[in-house]
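To start, the structure under review is shown below, and the notes come after it.
A, B, C, D, E and F label the chains in the order they appear, each numbered from 1.
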Amino acid sequence: MGLAKGFGVTFRQMGAANRVTVPYPQQKRDKPERLHGRHVLNRYEDGMEKCIGCELCAGVCPAKCIYVRGKDNPEDHPVSPGERYGFVYEINYLRCIHCDLCVEACPTEAITETKLFEFSFANRQDAIYTKDELLVDDDGRAQRMPWEHWEGHEDTHTSAWMRATSSGGRADYENRVNWSGELGVGVRAPEQGQHAPAAPVATVATDATNAHGSDDHGQAHH
Amino acid sequence: MRFLFSAGDPLFDEAFDFMSMMTVVVLLKVVVAFVVLLVSVMLYIWGMRKWIADMQNRVGPANAGPAGVLQTLADGIKLFFKEQSIPDSADRPIFRLAPYLSILPAFLMFCVVPIGGEVEILGRKTYLQVAELPIGAMFILACSGIAVYGVMLAGWSSGSKYPLLGAVRASAQVLSYEAAFGLGMLAVLMRAGTLSTREIVNQQQWVGMESLVRDWFLLPAFLGFAIFILAAIAETNHPPFDFVEAEQELVGGFVTEYTGIRFAIFFLAEFMNIITMSAVATTLFLGGPSGPAIWPDRFGAGGWVNGTVVPVLWFVAKVLLLTFCTVWIRASLPRLRYDQLMALGWKWLIELAVLFVLYVIVDEVAQAEGWNRAIAIPLALVGGIAAYGVLYLCMPKRGETVEEFR
Amino acid sequence: MGLLAEITPDITANYYLGLAALMFVVGGVGMLVRRNTLIMFMCVELMLNAVNLTFVTFAKTMNDAHGQAIVFFTLVVAAAEVAIGLAIIVAIFRRRQGVTADDIDQLAG
Amino acid sequence: MSDTTDTNATDADDVALEVDAGEVASATDNSNATQRLRGQTDEGAQKLTLSEKELVLTGAPWPEDDLGDTMLINMGPQHPSTHGVLRIMMELDAEEVVRAKPVIGYLHTGMEKTAEELTYVQGCTNVTRMDYASPLSNELVFCMAVEQLLDIEGPERAQWMRMMLCELNRISSHLLFQATNGMDIGAVSMMIYGWREREESLRLLEKITGLRMNHNFIRVGGTAADLPDGWQRDTLETLAKIERGVHEYDELLSENPIWKSRLLGLGIISTQECLDLSITGPILRSTGFAWDLRKAQPYLKYDEVDFDVVYTTNGDVYDRWRIRLEEIFESIKIVRQCVEMMPTGDYRTQDAKITPPPRARIDESMEALIHHFKLFTEGFKVPAGETYAALESPRGEIGCYMVSDGSAKPLRMHIRGPSFYNLQSMGPMVRNALVADAVAIVSSVDPIMGEVDR
Amino acid sequence: MEAVVFFVAAAGVLAGALGVVLFRHPVYAALSLVGSMLAIAVLFLQQDADLVAIVQIVVYASAITVLFLFVIMLLGVDRSEARDTGHLFQRAAAVVLGVAVLVGIVGIVGNKWVAGTPASSAPLDDPRGGNVRAVAEVLFTDYIWAFEVVSVMLVIGVVGSVVLARRSRQIAAARQREEVSV
Amino acid sequence: MSDEVREHDHEGTADAISDPVAAVLVERFGGVFRDSCGQAVVYLDRAQLAPAVTALRDDERFTMLVDVTAVDHLTNSTRPLPDGVVGERFELVVNLLSHVRNHRVRIICQVPESDPTVASLTPIYGGANLPEREVYDLFGIHFDGHPDHTRILMPDEWDGHPLRKDFAAARVPVTFKGDPSPR
């Protein structure tokens, strides 16, 4: 009897309705917004680079796969709006573990992660993405490397993880995203918050920042 | 003198002449059978993967050819061009020989299977069957026994331990199940009173629905069928009895050290065996090519369509049904343990088969002699079971100490 | 076909008997020469088969089924002999770690 | 449901004391069983104590002359069913295992050493890779240890989120076990089915954490991000799918005579042996000892949800399989309660030394910017001290022993991996089993080599 | 045609037989034995002994030789045996004796010593239909007692071999203890 | 555990020990008690380790040895220790659990660099087998009476003990295009 039940289970699966796999390269599943893929370096609406060469990302990277060198902006045609810009910016994807600490660390939202992960390097040099390759193109989209496989729309929502972590765990800041203008996207209104619908939507009063401002001083623990 | 094989074929009604169309017909049949078998293996592997994928909510092969039907061919081509490696500790001549030893019996066994009725090829009448032997059933038995050499020698000649374990398992498994296999067939042979496969098929001719119950040996030898199928699955090393390769236990068993086309040949042989065994089971129990004529008003009952084509279609349909069942079993059952397999073979299948053969004998003799079957058969079974009871009582029980031979 | 028939002799029973004799002798010599008990066993099988061949040959020449029936008995005896013989070899191997006939001389005192 | 399984809803202390009356008491009086057990393990160790060096020196791993009928065979490190890179040296008599010894270290990546090089901020990315089948337990135990040293407790919502994620992770880990266990026993479809449902749970985790595995989501003081929009619906849908799938496994295997004949009565271990060999988790529970840290020493909010500790009494492979199957249902129960009872509010401690400021504050407040920079360059300092945090991972008690010298990096971070200790059960369980049984037994231990070797 | 088949098969038989004797390696010897048996089966077929031929294959090729190979693999005696230098005399004597026997047999056969008259008590059937029935009738009438006795003997043989090859757990344990103490 | 006082590094003397098990250890084996993050820790002389663990098992119903590990305090020699404990380079840490009493206790032994030897706990709790091998492998602390005293994680021919502080962590250099020298 038990045997027959088992045969029934396998027989029941026959029929095309409940396939759980997809013929992969031709057909892809939708990727969740927060997926950690490869990075892009963003630019402001006016085309200026967001990276200021502060090396926070390189410092926090547990795999030590980011190499950044900052340099003073040339006076005549500055690369970034600040004083300095990322002169060299490289990520070695043979080392990157996609923990996204760099995204959380970046103070200017310069580095974010796309949902692209389908690399097929032919050599180790290709795995080292230089700044030219990481930087978004003139439309604000990630550049397509010859060894990457992705469809047209997979490079959108590059900032989901940055937005998800942007409130620093504070419910009041759930909806407040410091979303600086971005090439191809512009100054986006805060997108749908990352909080649960069950939670009351935090209305961010103008004085909310003041109310919590004192916290930022942070009492030393001991 | 007579030609060695194919004694019963109408092709040889005239005296055999080497320099005639007879030779061409024989060669043609051999080549066509081989090609058909190869193609059907290719399709079977594809179908198996599709079916099993469907049962597991997967897509299965999809890229090579329409719906992936050429996947097997693509795999074969890939394996053909792969490097052939031979381990240092291997016994080289035997290592090279083993794959071919395993594929030969699978094909030979197929030779005696009647696929259809009588046809005319090149002006010669002949059976749709490579060779019609007066002892076809024994020939099947012989081939299934010889099939173990490929596996066994492959495992031994690889010169490493997992393949050796696989080889030892293979030899014990085939030796054990050969008996059950033969006894399962015996019920049919008793009922049919002949060893010729053609004769067996002829006795299962379709004469209406009643022949499904009365003439096909499925029901008159039902236990034989069950035992035959189980033993055939064990002999072809098909899951859940695939101990010989048992990936989770023996890595790959006897094929662990094989690569490239030699590896492919082993699997070709294995799947060819499954098809051949399905064909043999069809022949023995399911009436081979027999089945109702299709649209006799239009095509006529014995015309070209219903005389030649439809029997082949019936045969193919029955083989397909059986192969589907093998796939279904593959998808549904976990693997037994090796000692459980041996216990199943020795403690259950052989005993049951002997009892069933006893029953068939008494039944047949009672029919022939006009005894009262209602008395004779129970008496015989009681006698048989009593004999087993005595044997069982003689066996040492668990916990009983037995003086050991030293 | 005609040419083939001309150059090849007509095969009489003597050919088979001669072959059987040769086979028997090869088996016998092997039995005496080899020291590996397993191979000695195989030589016994060779000799048995030589005898089988003569039985079948006589059955054919005399058109008598008895000759073939005897072969069955030979086969059964051979099977029983191999089963027992190999079991003995295994048992000996377990104790002595070798299957060379010369080593098995305990019965000789 | 088979009658071998029973659930127990009574208080954990009572359970422990109940069992105490029976088997545990014998622990104290040096009974014969204890002696026999030690004798066995020692004897097993004696013969197979050939170190790897000796093996290399002798050339072949098998000195054929001495050992007569037996054969030494290495199962692994490259073997389809040794779960990663476990190697088991087995002495076989025909196909019967005379003794077996696990040899490990093939996946040794020095994570405990690496932990000393990484700050507490980075630490989670390291520990999450140990038990890669249940990464969130690793992150949680690491964070709990650091939080004990910091003497902080995350906000309410964080606790509930952690609990929900850990239970989802337990589900995915047990589904992985169902898949691999099925595969090891030759039930090929079971493997695919297990994968099928595991994929659902991983997809949910991916939606929440951004990664399928090695999430780096549970952080010191809370979690990295809040739950995404629509998580309730997604979670409930996923749970329904998983529940349906697990019922299918039940139907496919529980009553299957082959499955039962393979697993029932195989690899039996007693409570006494388990306790003696420091074995925790489903193996311990399968012996009739209903010990679960979630009940016995509740952490997070496990004392506020309703669930049962699943235990069985036979201690065999079938029971261990069964326990993991039932635990999936229990976890589903917990996650459903989490969905219902999830509180609102902060999800990360608002200690500015530990949690980075809201991104919107960086442009507004100089202090926020400085905190942000300090946190991501040198991390936060943890007061000197040492602590041991423990919780119930899918495989048993996972513990983190953390020693801080007051700097931003741990002086010593040690993970007590349940798989590592559970491996010790292999020797007694595999003895006198067949090769195929050995595979099933190894599978029922469910070792994750990343955690064993660390 | 018959001659061609005969000479090819005879060559196979002799090659196999010589292989058994000459190959050092037991596995090769066993394989030669299979070859020899298959060739003999062909000769049986040649002489209208279909059933005997197939039974020959079933029993020898797929049972007896598999058993041989099984034992060879099980015992691991698949290395070549030591050269037996001490028995040169025995070898020479064996060969001489063999040749003498061969001459004797061939001489006797040549003299048609056994050329009796064909008995017609159980004539072989028409070759077209095979002779299964004739052989079976002889087996189950004239030789029925022999048949039964032989089958009992076979059962005894099987039981005996099981008893012989069986190794009790106690003995194994004792051996292990010896090992440990040594 | 949760209802106990959460206090850091609370040191106590034998008469002020809240933990009954620790009190026994302090009394019978001359240990020093310390409340570490609300957990009972007893510092013992290493010679007392095996007898103390035996006593815990036999008299105090401690059913399981949860963990054995070690710490190298080479770079942290000035750490605060309770009175009466002389800090050595290594600390051997043994975590024990009583399922019956639902109680944990931790024993810490100071092990000097000059003679890193401790009596093995494997004869008392079989579960100490693998972790002791691990401690031996990674710290070089020897366990007298261990049945299988071999390396476990590192290869047999490995020199040194990796978790010691003077054993430098290895790094696989990361290459970048903009910086030709491996970093």
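The rule we apply is simple: a residue touches a chain if its C-beta (ideal position, glycine included) is under 8 Å from a C-beta of that chain, and two chains touch if they have at least 3 such contacts.
This is a predicted model, so every value here is computed, not measured.
Central chain (C-alpha centroid nearest the global protein C-alpha centroid): D. Centroid distances from chain C, each centroid being the mean of CA atoms, peak for A.
Put simply, the C-alpha centre of chain C and that of chain E have 5 angstrom between them. A separation of 42 Å divides the Cα centre of chain A from that of chain F. Averaging C-alpha coordinates per chain places the centre of chain C 64 Å away from that of chain D. We define each chain's centre as the mean of its Cα atoms; on that basis chain A and chain B are separated by 59 Å.
Contacts with at least two other chains are made by residues 3, 6, 9-10, 20, 63 of chain A. Of all residues in chain F, none touches 2 or more other chains.
For chain B, the set of residues touching two or more other chains reads 18, 55-58, 331-333, 405.
The part of chain A that touches chain B in the complex is made up of residues 3, 6-7, 9-11, 13-16, 18-23. Taken in their complex, chain C has these residues touching chain E: 1, 4-5, 8-11, 14-19, 21-30, 32-36, 38-39, 41-43, 45-46, 49, 52-53, 56-66, 68-69, 71-73, 75-84, 86-91, 93-94, 98-100, 102.
Contact residues of chain F toward chain A in the complex are 174-179, 183. The touching residues of chain B, when paired with chain A in their complex, are 51, 54-59, 62-63, 328, 331-333.
If you check the complex, the residues on chain D that touch chain F are 12-13, 16-17, 19-20, 24, 27-28, 30, 37-38, 41-42, 45-46, 49, 51-53, 104-105, 108, 110, 112-114, 116-117, 148-149, 151, 273, 275-280, 289, 291, 296-298, 383-388, 390, 397, 399, 401, 403, 405, 411-412, 414, 416, 420-421, 423-424, 453-454.
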